[in-house]
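Both complexes shown next keep chain A, but they swap its partner, so chain B is in the first and chain C is in the second.
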Partner chain A sequence: MRRQKTAPYLFALPYFLIFLAFSVFPILFSGFISLNDWKGYNEPTFIGLQNYIEVFGDPRFYKALGNTLLLMVMIIPFQLVLGFLLALFLNSKYMKLKKTFRLLNFLPYLTTPIALGVIFALLFDPAFGTVNQVLEWFGINAINWTKEVWPARALVSMVTVWRYTGYTAVLFMAGITNINTDIYEASEIDGASSWQRTFRITLPLLKPVTTFVVLSTMIGCFQIFEEPFMIFNVAGKLVGGPNNSVLTGIWLFYDTAFSNQFRNGYAAAIAVCLFAVIAVISFVANKLMSGKEDG
Partner chain B sequence: MKISKKVLALMLACLLVFGALVGCADNGGASSAAGTPPAGSVAAGGDVDDSLVNTELSGEITQWVWGDYEIRGAVDFNKYYPNIKVNYVSVPSDEYEQKILTALATGTDLPDVVNIESAARGQFNNMDVWERLDAAPYNLDTSKVLPIGIPLMSNEKGEIVCVQVDNCVAGYAYDRELAIKYFGTDDPAEMEKIFSDLDSFVEKSKAVGEAGEDYMFASVDDAYSAVSGLYQKDPVVVDGKLNTDKSVLPTYEFIEKLVANKAVGPYVEWTPAWYTSFASNNIIFYRAPAWFISFMMKPNDPDSVGKWGMMTPPGGGFNAGGTAYAIPKGAKEENKELAWAYIQWLTLSQEGAESFYNAHATSTLYAPAYDTDLYKGEPDPFFKEQNVTEKLNEIAADPRTTASIMTAYDFVMKNANAQALRDLEAGMSAQQAYAKFKTEVLAAATDLSE
Partner chain C sequence: MKIKARRKIHWQTVVLMVVMVVASLVAIAPFWFMLNMGTYKANELYTGIKLIPSNYLAQNFKSLMTINFSRYYVNSLLVSTLCAGLTVLVCSMCGYALSKYKFKGRKAMGNVVMLTMMVPTQLSLVGFVIEMNKIGWLNSLLPLIIPPAASAFGVFWIRQYTRDCIPDSVIESARLDGCGEFRIFVQIGLPFMGPACMTLALLSFLWSWNSFVTPMIVLTNEKLYTVPLGIRQLATQFRTDIGAQILGLSLATIPMLLLFALFSKNLISGLASAAVKE
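What follows is the complex of A and B.
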């Protein structure tokens, strides 16, 4: 009896040990160092809220936050729609070689960031890239993908959508699989078309999955770093992209902590502020979406 | 049976925790040597002058290295110090500085010898975490170092905290065929007469731009790399104030004129496309220190014979890149003497200079070696039998040749400069680009003023 009581805790212990060591402690430590002037190699000096005051007056922070929100708007709708369509396609009973396509669909998610940077910098090189060559075949002027503000944002959005759509599709596929097939059979008997089944049955019943996908993609967008960093690290080592147009919150944090002036205390304050923003926006979005669902 | 299942589950759970912790320890320490680890240590062997062999010093030291460059450069070390074992630990170059900072922040073991690459030197030299090498017990003799090396090894207080290994004085490599096409000669001496100042580059660039086939430089970045060192004679920060009016601004003005003459190519430096520019036969000039020839030009233009020439830049040469070795204050006390023996042998001895030159065809900054036959060089078919080693050392000995003083703000300036170069490329005026550069620098380095 006693063993039965303790066993669940023992089973859960590994996770909580790891969670404490690699999540809780770093979060608390970040909070602590955000109150200090600390470059990592010197002794921390307690400066109270000075770092936070500086963050709130730092135009780069607002720029990074604005960029992140813009990228979010440019990414989420496409990722959601494409992911849903892919899921429908890969779940279709008319689909052949389902397993092969499901694997192919997931491959971009497995691409290493370094490969991603090199490949996309090559493809989208304004002067020599394949993409511009193809555009020119169709009579479209070459686009300065890595040198101008909006093309740079479009590039980062496209790469991010390409990388994560497969993952989103997997989530939708899991949701679709959970929908009771009796409902589809009944609707078929009632003469519903495939469009009607998609919009009247699949989509409404996927609402919890959609809510999760939207929230997790939003949080993911707040953490965008690898895609712009790797692309622009290869394409001219331009921190933040052209005119800081793709400087995201995490990139600003990384630059401040590791490559700019090693201001770890200030970088920690940026991280805490980002955490607060993500938490608030996620909370509000969750409330809004749950509210709609309840309604 | 029930008990055995529970025991099994518990063991699995423990294994999970253990596995995770072991994995983390590996990731946290540089000793994991992600990727392909180099050989463990250098073996002794070969005939050497016995009077130069030191058997008294013994022990093991560790150096974090980027690849086998460091190992091959010091391959003869154990012939002279047979009892010092150097353990080379491979750390990817793009993670190197971050791992050093992490080790410093967390207090974990640092290597006994640390590489400091030129781009990070300004910040790292000023971190007050390195042994001062021109004071006791190291007592580095600065007279044994080429004068150009001293600023590259010093912090802002003028203390020497590292020793640059390689001589990175740059000349201008040029495409001989294009030189004949546009300037009527490919002779280095004639080229130096034609390009006696930077105005002549601007003047000659008009014909190159008008032809519309070739470029003076591969990109605005290359033009910047070729010229900035010539203008940058003073520290870029003086008493907490930006001091770039006489260095960055004229460099931008030079680039503005080249861009207006359509004489700058579209190859953004260090991009995959840029690496193809060496074999594209449409770029006339590159600034080229010895490492650039070995690691950039020759590998990316392997089929060329006699294509290139080397000339002195107008106004003498300048330093471009380089790797320095430092001893962390936090290294094990008993290893510091050994680490210094290793660094001193490589960078401040004739034997080290020979070892490094034989491995990389690159000179060290050890001054007395330049009075010997070591660097007499030989005709290089890649450069149409020109003796490039001799030429680069001639540039290094030029009294006009200087090295920029490195500062803790170098990274900030590098970032702001990268954007300014893109703006210049897009047609922005030098004045506007420079104003933007200053604004960016001052925004990122809040303790600086104009």
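What follows is the complex of A and C.
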């Protein structure tokens, strides 16, 4: 009996050991570093809240926040609507080869983000890229995807939407499968059209999935890094893209900490501020979305 | 519903199929271009759209081998395999403990796991790198294998699965037969958890294989590079030889596509239900 009491602790021990050593400790340590002037090679000097005061006055920090909001607005609606439609179609009783299509649309999620950046940089190359050549067939002038502010943002949004739409669809499909079929049968007997069923039953009952997708996409937008990093690396080593237009939270953090500045203390302060912003935004979004449910 | 009266094709089916074919084409087009472009000579790539393969594959492969690409491959396979194995071990034990035992602190532990699922790990990187430096793990593959093994998603996923899948009565009767707790876990728990462990193994393999930021900051020794770092290397060293560069991308992506095409059946739905059940 005594073994039965100690067993669960022993089973959970490896996880919590690794978790404490390599997740909790680095977070606390980063918090401590953020209060220091530390460039990695020199000795840390304690400077209190100096780094935080600098973050609050740093235009690049606000730029990164603004870009993140813009990217959210450019990504979330497309990802939600396309993912939802895909899920509806894939669940339709008229659909054939469901599994094959589901797999094909899921493949983008599996790509190495870094490879994705290189491929999209080449496909969207202003001079010889496939996309501009196709646009030319339709008489549309070449778009300078990697050198101009809004095309660059559109490009990053497209990569993200392309990568995650199939994944979003799979989430919605699981949600739709969870909906009790009795509800549909009852509504069919009551003479509801398939439009009514989609908007009155499927959508409202998918609220938890939608909330999950929106929240994780919001958090994800702060973390967009690898794809644009490679796109603009290939297009000529531009940190943050043209005029910092796609500088995201993690990119700013990475650039400050590891790229050329090695300002560890300041980067840690940026990380803490980013985390606070992410926490507040997800909290508010969560409240707003679950609040609507009552009304 | 096993008997189909007549094979009648509905107009809805036709419309849906057309839409899905278009959507799927958009989803796989970049792969198609990538696979094809890797078979072209670099200077041919600047003209026209490449819809069919060419004959330069062997040459590109040769130039790719002039840098240590095969070595990066071996490193990545090693890291991802070990990481997946360790993740399954660590998370299945923890998830099993959280779902099949009643003990003090169980709720708190579960909540901690849930909470960490929400925290973007990149934000602690500064502290992580200095820690790695202090314990002498910089320029080793350990930071890519051990820290990710404590996957909050993994514990959550196993716990959720185990709760419904292993009947308590089976565990109870094994105990009455005098079976030790660890033996119960290995001989009864693990077989029941098999499918969930498989999914977790695949996912952590995928995440490990695709991981870029951590390897980039802990590895400076080129001999230890993983595939994503190799790709970054290609983008600078083969700036002009785009053919070889793209072949490198294809080689980096293909294992994942194969792996998931083979195992996708349970995996996609498993992944989804884990997220939705929350």
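The definition used in the following text is that the second predicted complex is superposed on the first by the 275 of 295 C-alpha atoms of A that agree within 3 Å, B and C clash if a C-alpha of one lies under 4 Å from a C-alpha of the other, contacts with A are read in each partner's own complex, and residues count from 1 in each chain.
One rule holds for everything that comes next: a residue touches a chain if its C-beta (ideal position, glycine included) is under 8 Å from a C-beta of that chain, and two chains touch if they have at least 3 such contacts.
Computed from a predicted model, the values in this text were never measured in an experiment.
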Fit or clash between chain C and chain B when superposed on chain A: clash
First (chain B), second (chain C), both or neither touched by A:Gln133: second
Partner chain in contact with A:Ala276 - chain B first, chain C second, else both or neither: neither
First (chain B), second (chain C), both or neither touched by A:Thr146: first
Touched partner set for A:Tyr41, first chain B, second chain C, both or neither: first
First, second, both or neither for A:Asn264, with chain B first and chain C second: both
Chain B versus chain C as contact partner of A:Asn243, first or second or both or neither: first
Partner contacting more residues of chain A (chain B vs chain C): C
First (chain B), second (chain C), both or neither touched by A:Arg60: first
Which superposed partner A:Leu122 touches (first chain B, second chain C, both, neither): both
Partner chain in contact with A:Val284 - chain B first, chain C second, else both or neither: neither
When the two complexes are fitted on chain A, the stretch of chain B hitting chain C, from 44-52, 98-106 or 350-358: 98-106
Chain A positions touched by chain B in one structure and by chain C in the second: 3, 7, 11, 14, 18, 21-22, 40, 118, 122, 127-128, 234, 258, 264
Residue ranges of chain A touching chain C (in the complex, touch as defined): 3-5, 7-9, 11-12, 14-16, 18-19, 21-23, 25-33, 40, 86, 89-90, 92, 94-97, 99, 101-108, 110-116, 118-120, 122-123, 127-128, 130, 133-134, 162, 165-166, 170-171, 173-175, 178, 208-209, 212, 219, 222-223, 225-226, 230, 233-234, 250, 253-254, 257-258, 264, 267-268, 271-272, 274-275, 278, 282
Residues on chain A engaged by chain B in the complex (per definition of touch): 3, 7, 10-11, 13-14, 17-18, 21-22, 39-42, 54, 59-60, 118, 121-122, 125-129, 146-148, 234-240, 242-244, 255, 258-262, 264
Interface residues, chain C side, partner chain A - complex: 10, 12-13, 16-17, 19-20, 23-24, 26-28, 30-31, 33-34, 37, 45-50, 89-91, 93-94, 96-98, 101, 103, 106, 109, 116, 118-131, 146-147, 149-150, 155, 175, 180-182, 185, 206, 209-210, 212-213, 216-217, 227-228, 231-232, 234-235, 242, 245-246, 249, 252-253, 256-257, 260-261, 264-265, 268-269, 271-273, 275-276, 278
Chain A contact footprint on chain B (complex, rising order): 6, 9-10, 13-14, 16-17, 20, 24, 97-98, 101-102, 104-105, 123, 127-129, 221, 266-273, 276, 408-409, 411-412, 414-415, 418-419, 422, 425-426, 443-446
